[in-house]
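In structure tokens below, several structures.
Both of the next two complexes hold chain A, though its partner changes from chain B to chain C.
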Partner chain A sequence: MGESRHVSSMKVVLPGDLIMELPVKPVDTSENVFLGPGLRWKDGVVRATRPGILKKDSRNLYFIESHQKRYIPQKREFVVGTVIKNKGNSYLVDIGSHEPATISFLAFENASKKTRKDLRLGDLIYGQLLVANKDMEPELVCIDFYNRAVGMGTLPDGGLLFKVPLHVARSLVNPSNPFLLELGARLSFSIVVGFNGRVWVKAKNMADMTSVMHAVSLLECMSTEEALIKMHSVIDSVLSQCAVD
Partner chain B sequence: MSIEQSVQLNFLSRADGSAYYCLGNTSVVASVTGPTSGRVSARHHNKCNLEVQFCPCNGQPTIEERDVECIIGECIEEILASHLHPRATILLNIQELQSEHEHQLLTASLNGAVMALMDAGVQMQGLLAAVTCCYTHAGVVIVEPTALELQESKSSLVFVLESDTANVVACYQQGRLSVAEYTAVLNRAIEAAKEVFQFYRSEMLKRYSSHGCIDGQNEADYDYDPL
Partner chain C sequence: MERKAKLSKGILELKFMKKSKEKFEKEAEEEEREQLYGDQLGTLHTGAHYVSMVPSHYDCNEYLPCRLSFGGFDPEIEKINASKMKGVYAPLRQAPSKPQEDGMEVDVSAEKAYEHMNTSLGDQQPKNFVHKNSKAHRFEPKKNNDQFGGGKRGKFNNNNRHRGRGGSQNFRGRGGHDRSCSNDRASSSSSNNKRKFDDNGDSKPPKMKFLKPS
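Now for the complex of A and B:
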């Protein structure tokens, strides 16, 4: 992880809104502007392409924080996917994008042609996108640069997978987000959050997993502060319901 | 514009984006799914394919509904940043719930579709607004007229205007007008379209400020991995 950067929200923008004029490339590199998701530079002007909040960080990186449900693959993002097809040397993995991603059977820790990784259809994979390009099908790997798994790989049986909007997934992986800390203080569980909006939870019993799912789903329609207040009553009602059943 | 408009975004839970849009006595539900994988035969190698489905509130879709689908589809393609999703398909479903006149229905469908696309976060180069106008026999221009006024008018028109330049993307007209009369109607439509764009903006402001991220509370420091 890099150094901490200050991100400031500027305003709500709509597609087609003029953000700034950038006619020529600045000579001085300190004046460079970086354009993140939701912004496009065309004919010397920068325009928004998505509705959302325009944000800027301390090194002139502008981006739009928008609410979306459909995942568009981005290189180096961590995703949770489902194996849907065995293609001999590779597997097809559904990650929620318009094309399924491929993963080579060699792209796992300690996997070789002799000790190949066997995946079954329906297995869940937590991996990183190695190739994400609009003209090519996305490619997943479960190893890093040094052939280590670093937490990636197939997810064990007995967990619970559910989907959340992408902005919820992004806020959950933020290490300073108080929501998961508070949830972790209440229940014990392991959670894997993919940037594609798929969340995998495993806990001792189904009741705990269901209450985590309902608590996380609160973030879909309320802010973190509101969800922190509401969370305990939701968990209580799910747990009491499960105790009755 | 005297007519009242209202919208409920994220109306459907399973769609990627949806809007329940009411314009006066006309109401539609528009939903967007995509970019998804679509029919192989409809794939383009350099851009995404937009499929529009229009369902009337009763009966099967007929040739008139196909006409509306074509008009909406060609207008939306003008603003969609379709080159960003080659080989993908964007599905746009519009369900009519209530309407009195076909012109008002076209206007509401197009505005609802644009709001659903914004809700889905589909990348677009601009926005569109549709406005219904009519020119009466007495020479009066009425913006967003009632169904009766539309029937009694000399000419009735639907303008589809672009947000940035206020250029006309499409015009659907019934009845003849002279150039001067047409320009008078167009100028009123451009004024009315500004109110529609203002409505889009206020709805998006409502949606994004409800998450407490705009007034500076959420200016959190967080780790950003530049790689």
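Now for the complex of A and C:
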């Protein structure tokens, strides 16, 4: 299925640009159209709301890939957050959105009222958004549909958290982007990439973690191909710096 | 959008206004729902049957699992992710098998174990094996027995035995007949089983065979 979904870039668009016309009352033969983020459909006309690259995939899905730093929570997205408050039966988690998310103490694997999951303030949580609504506070869970934590939950101590723009975070976990694969061939580390732009890295020592962070940050200002070339020199310089210190 | 004249609550409470009260409530509810979820439920706006909005980037593309491990740093995560790696990451699917092999050293190879078992254990079997083996042998012809309530021990067998006693002549008369024989064997006590082995010719239980490892 992954291979059949081919995404093609169409053009660069600016907010307000006319993308296409979709009449409210279509002819019978018209196909289903999916409009992704960055597009608005009003009065039978589709317009862009963000500047970026218009993309289309084989399902007739149009969306705009844009530079973005503000996180707007959406259902089912995986995020990394920090516990900021204990509210009795739930915790408040900062995920970088306009409002902190809540997480119930029962929303962990094997958690029940008797075997509580205790979180400390400042703990990092990797979870999935269950509720994301513009009028309600977002809700996180750390279990999937079958009550299993598939890697979700609190992240172990001793890692490194940093922020990247949202489009960088998305491109990191894109299966066609070999950046992390190359990085993984060079260093051994564990990484969590949240769709809210927070990236958590853990490796054997601080030097490795820092070099991963610097390598990932390269993607902010250059294309993947350029970053793949530059990556090794950045890692070398960070490692040699740390060795001196 | 023109606004309909609203009836006051007092009028709606009247008996004959029941129907219009329900209608009014339904309308109010729908309006409220549209205000709340209008951006999420595609079905609420016109033309939605062929245009649907996808609010999240997560649904626009296929993504790798967001928690990844490289170079065997976190074998547990690599194991979970093994089946989910796609695209250029597909070669990582076999990765987690490496650290598992390092875990334990092999003292006796499979070949050696096979030889040992065949030479030493093949002749002198422990009593446990004999018992189990003979038991398995005993219950082999169970399927012929189904119409009599199977080869189960206990209640049903007792009934069977009574029946057998009642018509004992019948049983003896048939003698070598396969069905009655198997029925007899399953329902009777262990003495019968001993006799069964004697019938096979030698008192030795069948020799055990071990499969050669591939």
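Simple rule for what comes next: the second predicted complex is superposed on the first by the 235 of 245 C-alpha atoms of A that agree within 3 Å, B and C clash if a C-alpha of one lies under 4 Å from a C-alpha of the other, contacts with A are read in each partner's own complex, and residues count from 1 in each chain.
Keep this in mind: a contact is a pair of C-beta atoms (placed from the backbone, for glycine too) under 8 Å apart; a residue touches a chain by one contact, two chains touch by 3 or more.
Since the structure is predicted, the reported quantities are computational estimates derived from the model, not experimental observations.
Participant: In the superposed arrangement, does chain B or chain C reach more residues of chain A?
Facilitator: C
Participant: Go through the superposed model and pick first if A:A243 touches only chain B, second if only chain C, both, or neither.
Facilitator: neither
Participant: Under the stated touch criterion, which partner chain does A:K69 make contact with: chain B (first), chain C (second), both, or neither?
Facilitator: A:K69: touches chain B, not chain C.
Participant: Which partner chains sit in contact with A:S9 here, chain B, chain C, both or neither? Use first/second/both/neither.
Facilitator: first
Participant: Kindly classify A:N133 by the partners it touches after superposition: chain B alone (first), chain C alone (second), both, or neither?
Facilitator: second
Participant: Going by the contact rule set out at the top, does A:G52 touch chain B (first), chain C (second), both, or neither?
Facilitator: A:G52 sits against chain B, while chain C stays out of touch.
Participant: Would you sort A:V24 into first (chain B), second (chain C), both or neither based on which partner it touches?
Facilitator: Touch partner of A:V24: chain C, not chain B.
Participant: A:E77 contacts which: chain B (first), chain C (second), both, neither?
Facilitator: A:E77 sits against chain C, while chain B stays out of touch.
Participant: Where on chain A do chain B and chain C both make contact?
Facilitator: 1-2, 5, 7, 57, 76, 134-135, 174-176.
Participant: Residues of chain B touching chain A in their complex?
Facilitator: 16-17, 33-37, 79, 81, 84-89, 118-127, 163-164, 197, 200-201, 204-205, 207-214, 216, 218-227
Participant: List the residues on chain C that touch chain A in their complex, please.
Facilitator: 36-37, 39-40, 46-47, 50-74, 77, 80-81, 85-89, 92
Participant: Which residues, counting only chain A, touch chain C once they are in their complex?
Facilitator: Contact set of chain A toward chain C: 1-2, 5, 7, 22-26, 30-37, 41, 44, 55, 57, 61, 63, 74-78, 126, 133-135, 150-152, 166, 170, 173-178, 180-181, 183-185, 187-195, 202-204.
Participant: For chain A, which residues are in contact with chain B within the complex?
Facilitator: Touching chain B from chain A are residues 1-9, 11-12, 14-16, 18, 38, 40, 47, 49-53, 57, 65-70, 72, 76, 97-99, 134-135, 174-176, 222-225.
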